[in-house]
């Protein structure tokens, strides 16, 4: 009953990406002639891509039966770039866990998916990869890259996975109920002459669901500390500005299998709560708050057709900009933005392990100039051209892409 | 009929390398006394080396029978440094492919050997590794390093392998005829306000051969775009100098097995065609061309002796310098150079997988000062001392080396 | 009789580290009020750690029976960070060897443990890992980091392992006697115009022991060339200062299994011999010597308790500072330092491969200000705060830590 498995996925596609930026003008003046010469700019790329249907990976995993219903297990999984071979088993950043499981459930230690990620993947017909990936997941990743705690491993740390985590999973025999909680240690050093230590990098969250027959529904909540600066020097003197920022994610996903087709969807909200306190902290300090919100909804379906599977999804994410507690300027009165995305795909299964697939997707961005760092959703290719800092210039407008590939699991 | 294999080679040798530079004087003046104090400089090194008989590597590969004669396959292979362990499965830069094969042949996607490489390896008694490696391969690698498109993965990209490639192989049952073609995507971004996109990094080529009984012969042609700068700024203004450079390789290899010994050889030509156009491109622009040539020939043999195999090869590569379309100076009248190399080896097989081996090699360089970046063929150890920019100084003259090692395949 | 094995260890612990620095004053003056404000500073950290009971690793190894008692073998082993997955099969820096073995013993080539390391690991109840690791090993590692030859692979190169090594092991059937010798090539380039080449990076050493019944005893000696600068320029002119530094390690370890408990211990001495010769070398040159010594002793025991194993060790290392051949200042009269460490552990085996474990350890440093680079023994967490360059300030005083983890071998 013990096992040791080498496993992986080799997935490559010929992909095409195209991103279009369009001219915008938030001023009262007419645009200059030279600005109008570029009312639209398109960047495009044709490339061999990796993992557009299932992320390319190599891993080792195993379990050991310890008797008495107890088992030990490990799972080490590395992504790699199938198209170029540039990375191989460079890091186990996809998953690096060791577990103890039994009647009590499972205790899992190391680097693993965060609970708040699962609804973005499980209830996405596209599996949250390739040009058609769940728009909510794309934007959550962009938030983590732009605002999150960062990491030498993955820029979107704590959006998809967390290192240094302790996770607990409910046992499987709860009549369809399932659940998990996770705490990821921030691992920052505490100094005896400071009253506190930075919590930057900390994540905690949980996910609970119910799967029975055709129905699967789950809700998740998580909080990631993106910034938590302690600006007291070793001599006890206050210096600099203190920044505190937390990302709070709540999402709900569900699917229902009608047999002929399966419907699925997700609702998600990410709150980005930032607080800046100017120095000196002790007296006369000023605190500014800035609480942004990202509200998303996605609906999708999969439809078996012979050896194939048709897939479709439509999603929309709206950015609600808090102008902050400092007095807003006239130009900043409406700094919101939104994105919607339509994706269509077909997977032709040659076997359980091997498939040919095609996906097309199109994203459309409204008022992207108000938040190009996060709302500029490309599909994997070149970056949008963004100019003008929200006043007048070129802003992300739309992105289209396709993947046509071969996926082989081993 | 499906399979999953972990495989590799662990190969280490005690190697010695020695490179000698000698004084040259292209001026009419006598050399100074201090210059004559160093008429010859030798650098040498004794080292444990990796992969002198067969490149040290670890890989995963597998095939899946899809029925109806169709099969899927993958091949992920990483080199590693056996002597120091400094690199392990750091990149699948040796090969990272996923394939679909059947009666139609094989479609292969990812990073793979370029067609033009095979004749340099298959028809080299030394297998294009270690101190005795095919001189033509060494110089092709040097050209790619000095002039080629470059890559974060391997300096000699497109000389041995190409990333982002689509390859097609003829089926195997063609009465001895075999063949392959490859196209590697340059993956450069196209901008809507430019009429063209850079083709830098692109490779296309093919190889066709015939193997029947004792005879094997093959011809290959390939073209790699080493440089293709587009110097128009985003505002549409021409700026800078446009450089276009292409490396065209044609080679022919053959072997004939007389039973008592096997004869083999290769002819090769690499043309380096560069074109520089000064700015502004629109009017009054000047275009300079510079078309260099590298012509090589190699002859070798292998001779089975009991459990062992004696191997020998002799090769010569001549650099033919085009002085370019700008007026040449008097000193530049003859800027050609040449290298020849003799290699002798013995492999003592302890089993099919394990062998002890010894190789000695000597390369001799003529007029190395005219092209030290490419014609200075060391054998794996220290770099030559090169001074004087072709006028007077020290130039690469000769290199000697040996490997004495143990190769174990698994 | 041939084999190919994928193996590894996944080991993660919740660990806590705390390091305390305390105020010292080697001057005749009273400390200032601001200095006294920080008479003690503690830094602490709670973290998920990797490999606190057995280093987390993934490896490939195999043997091939060549007939006639001869066998070939290879062993490739990479460490990885179980807690974060940040490194995977990034380097085979734990071991990268290919071997030929038979009645004559074993010849082993590549990167391997140095003979002088084994006594620090085999006779340590804690296996030289985690917060309780052998103090002698910690300090040998610190010496190699601060004074050793350095390496892009591992800062403590030649203290634990050496690259580019040739090793020989005695055959196993010598009535309990065992032994090994190793030579690691420095691989520095020799220039024809210099009479010598640098030996920096060279290691040679050996270990011999006797294991029979309850007794195991072994002695080892090794020398590592930490520095060997050749400061003659290519034009033959002497420039700069020549530094030569060698680390000589001798140690003796023994264990005796009384059945109810097993006693073990180690004695060790590392001599750091440095010689600095000022330029010009030819005439009127000055040579300064500086010969430091590190003397260590460790005693430990393991006690089986049901499915568990209790472990304890106590160690002490004394730094004996040679003030060098230059005239010492009054303040430098006694620049010695010492560390002692107590470690207690318990391993609860769930199977042969899987265990829960707990370790606590405490190190106490005396006069750490005299050699903070080497004597400041933390236990894996934050660095000590060190100020004042030995005159007056904060110096490392004590460190405490614990690991509470899960180890799973596969």
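Think of it as A, B and C in the order they're written, each chain with its own count starting at 1.
As a convention for this text, a contact is a pair of C-beta atoms (placed from the backbone, for glycine too) under 8 Å apart; a residue touches a chain by one contact, two chains touch by 3 or more.
Since the structure is predicted, the reported quantities are computational estimates derived from the model, not experimental observations.
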Same or different contact residues where chain B meets its copy chain A, judged by the half mark: different
Cα-superposition angle relating the copies chain C and chain A, to nearest 5°: 120
Computed distance of Cα centres, chain B from chain A, in Å: 42
Shared interface positions of chain B, touching two or more other chains: 6, 88-90
Chain B residues within the chain A interface of the complex: 4, 6, 60, 62, 64, 66-67, 70, 72-74, 76, 78, 88-98, 100, 109-111, 152-153, 163-166, 185, 187-193, 234-236
Interface residues, chain B side, partner chain C - complex: 6, 8, 10-12, 14, 34, 37-38, 40-48, 58, 80-90, 350-351, 353-354, 381-382, 385, 406, 408, 410
